[in-house]
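Since the structure comes first, as structure tokens, the remarks are kept for the end.
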């Protein structure tokens, strides 16, 4: 349904142009200091219109904490996080009200539920990710303070252009701007890293840490692929190359010399940095004309109006971090429950 | 924990060399005809020792149905599926009892649980997948009979060798045999396809059909990557290329001209064939000498004895199909519950 | 945690004197017409200050629907129901800030969470039940329209005074008023009835319909007992008396001549009216002086100020109905999923 | 479905006359010493035929541990507990194959699932409780060793005869024997006590410890009522009487002078002994003739053959203890997860 996690549970709600978007965070340990600012700074990274290369939509995305925090600290009860939708432009969408937009969830939602919320994608809107980033900010703060765990995501590839130094390059920006001028969109790859994860998080069999990270990433709009460690490239290696050799480091800790595993062995963290890659398709909303059909099964031409964001990757970086934090937080609490 | 699914729930149990492996299937609709043969035929595909290119282990893998079926039909109550472990060779493992094998879950389990079941990998053994295939066979039968849904997986790549016609090639077999002679192992890619899925399965936001398929595949031992539809290649496309254009086919059905989406839009099936790819690393058990450490943190050399399977892909094909069937079955029941 | 139900899931949030109380309802089928009025009428029955015999607190309890409903109909996505807290009187509670009130959850929350939200009971406040009534109103509307199922609860006993005709009697009101004048409180029993439940709701073993109704009722603040059908009195009967004899009625339906079972056999509804009883202790907030301890473990005398409601039963009637509706709704969806 | 608990999860399977009954226990912490004897001693208390006053059925109820335990200790992986059904007497049941027995789940199962397993009640058989007692024995051992928590249940009432000293009286035995000679059955009340529970177990709102204990007890076959603490009698008290006054005892601990709360305040344990009462109806299987209907809706007379147990209370005592242990164990793990 609309809940993520077993023990650190995020229940998301809201449509892009209804009253609000937000979530209830249940299971947050008590006595964590948390403020609006802790959350807002990640939301600001997610917000469209932050830079030349992201969407011009000017939502303010001001988050409110309406329960579960007392005198600046969590109380162990559910935390309601909520942002009001201010920038509704139903006129833009009214024109497309009867059209199934290619690449979007319009058709599948309409058939599944037998009802269509045509305003800006309704529940399928990327605006829903605001709730993920807000909830993730709480998890990140807890994990940083309690366990020194850190989350870092960056754009590794835009279209065919790759970077190696964790910074978005001039070529990437130029490509995004060019695609934008053409009324088109472009995809890319985000790399995620999680540092200082203790050995032992994750569960055997179904709830492997890698499986839950994969699900988390694949639940982000526009994601089409996920790799942990060596990923698809690793299939070309031999076992003798791929196996990460164990050794004892100078501090006496068990380490591996390479990290093809991506920090996870048998579904459980091994203490090395967890690293993974996430593939984003080019977003479906484009300004170019497209052929499609309407709700009466007539073939029509669609020329989208309204906002257009040629590349979601800059906005997606904090979403990747947030989802990773929700997974680690949940598995940390599960580990604490089961092991003495 | 050890349960997969919300409404079609598979609870797995068993170690590689303990008494049994198996699972409880809860939530199977009543009045489905099911026999040992329906399950055994998929188990036989998974069994090591089936061909020259798979492991020599000669388990019989005879499944027993011990509850939930009465006079050949499911009753709606939990189905216990169980296979006895016959081929235990603890001597082979006793030698490695104190060694953390590279690429395996030995270390992570030992640290997580503070106890080590050293016999053949314990719970982390690939033998656990027998339960998945058995449960998946029930889901496959139901979905075939009720909805004509079909599951097809095949080896698309071994090491660097790719096929295009769904058949394992002579080159692939030669590569596996060569690697086996060298005491090494090799990975590959399995492609999965699901045909005749109705529009509407999957849920918005977290439990997208693609996210749950991804989790299912990433929970299979040795899997390091998952792609739906265009996957990592799709990031290079423009939105105008990637968006699958809708049209009305001769039967009056809504279809798409291309299928970059992989049969899923906004997390919900769109009626096209679902297709995805799964990356398997080369298995960790090799015969070549490897440097590693033991439980006393001393550096040692490991030379594995016992069984050795240079490529798990042939055995993994029915596992991929089974996990896909569990996901589709679960979402079919969820869809039935929520929509009138 | 703070979620009730498997398929019709209510996630509750909010403290008595924080910003809001409310809930997210996930899993509501789409295309149900729902309005503020549908919900508000049950909330008004729950509201304190409705009559002479209930608490003087004048909250307005205006519910808002902030997501999941589009053009007056549910869309199948999460419904956010929310009411703002307007009548906060922290001064009344500040005096009791360091005192553990007898009969209340002050001590247990403080020890459990290591933090105390001293304003009006925080999460343990009866104000939380507003969310239950709001969610229950949606379930009631669905079940009435779709299946003609009806929920009826009434006060059967106040202190030692019982009624037989489903109406609160003059003697009951006099007792409550007398107890109120004494600064004390009194408990009682509410009887619940559910009509027109089809045969087949509920599950064998753990999730019996009677077990889930029991849990639902025992989760209401101040509830100390639950009986289904013959209850504690039934233990004195012989099996030959207690067994409800089956017969075929004039419409050809299978019925039972008596209903000691309370409409549930083996945990599954049998088509007869479900009836049960719920015991409420006298509420803990009284105006009489009481001995207790403070957070420094010093013995002190407590004389509560602020609101005082000598008997919660009138307010509890719609809560009993709402919780029953949540249970029936959830089991109806579960039944629909599992049975073809 | 057939799973009880969130973190200490028991998934039950098996019919009375199929191959086996048993369960999978998932979430048990590792390194707990557990042996067949630890479990068997509680099973022997549950077994029919143990004394003159229980059923003559001579099952051996030998439990097997088939996974999750290695060299005498739990490993943190799922524990499969299983007992084979040896004493099947299908002939006795074949006679009743087409008859809906009054008071039994025959009708409700048949309508719910559209299929009937007529052998000895199928899944609705009391034999299913064997799995609960086996799983509960593991929880009891853990809680005793780790936290000194103890579970004690005893028969407080048979028919109208009550005891005050925790021992079954001569009058009770005579009543049961007399009822047995008449081919009839009789109900009663079991009191349960849980000692040394630390402050803080249980959760606010829905998952109150009292609500989960209530659900656990109401899920036992034949249970019709549950009371915590003062229960139905407490409704007659005034708040000033019912509120348990806090004081500091000689060891400096916070205690209450009375225990009307039954050891639980606001759904959370307060450190006092938890006490509750469970009402059992007279069992439905009697030897006396009864009027009923068959599957063709014809009115018939039923004269049951086979086993007959005039009073299940002696057997039910270990079941009550086991279910209480499962609830406490689950909430202990949940508490450990959420609180630092």
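A, B, C and D label the chains in the order they appear, each numbered from 1.
One rule holds in what follows: a residue touches a chain if its C-beta (ideal position, glycine included) is under 8 Å from a C-beta of that chain, and two chains touch if they have at least 3 such contacts.
Bear in mind that the values here come from a model prediction, so they are computed numbers and not experimental data.
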Of A-B and A-C, pair with higher C-beta contact tally: A-B
Taking each chain's C-alpha mean as its centre, the one farthest from chain D: A
Chain B and chain C, separation of their C-alpha mean positions in angstrom: 45
Distance between the centres, which are taken as Cα means, of chain C and chain A, whole angstrom: 38
Gap in Å, rounded to a whole number, between the CA centres of chain B and chain A: 26
Per-residue overlap in chain B, given as positions that touch at least 2 other chains: 1-3, 7, 12, 27, 30-31, 76-77, 112-114, 123, 204, 339
Chain C - residues contacting chain A, complex: 1-3, 9, 11-15, 18-22, 24, 26-27, 30-31, 64, 66-68, 70, 73, 75-80, 112-115, 117, 119, 122-123
Of all residues in chain C, those that touch chain B in their complex: 6-7, 27, 29-31, 76-77, 146, 204, 333-334, 336-340
Contact set on chain C toward chain D in their complex: 1-4, 12, 100, 102-105, 107-109, 111-114, 123-124, 128, 157, 159-160, 179, 182, 184-189, 199-200, 202-208, 210-212, 214-219, 221, 223-232, 234-248, 252, 254, 256, 260-262, 265-270, 277, 279-286, 288, 290-293, 297, 299, 335, 339
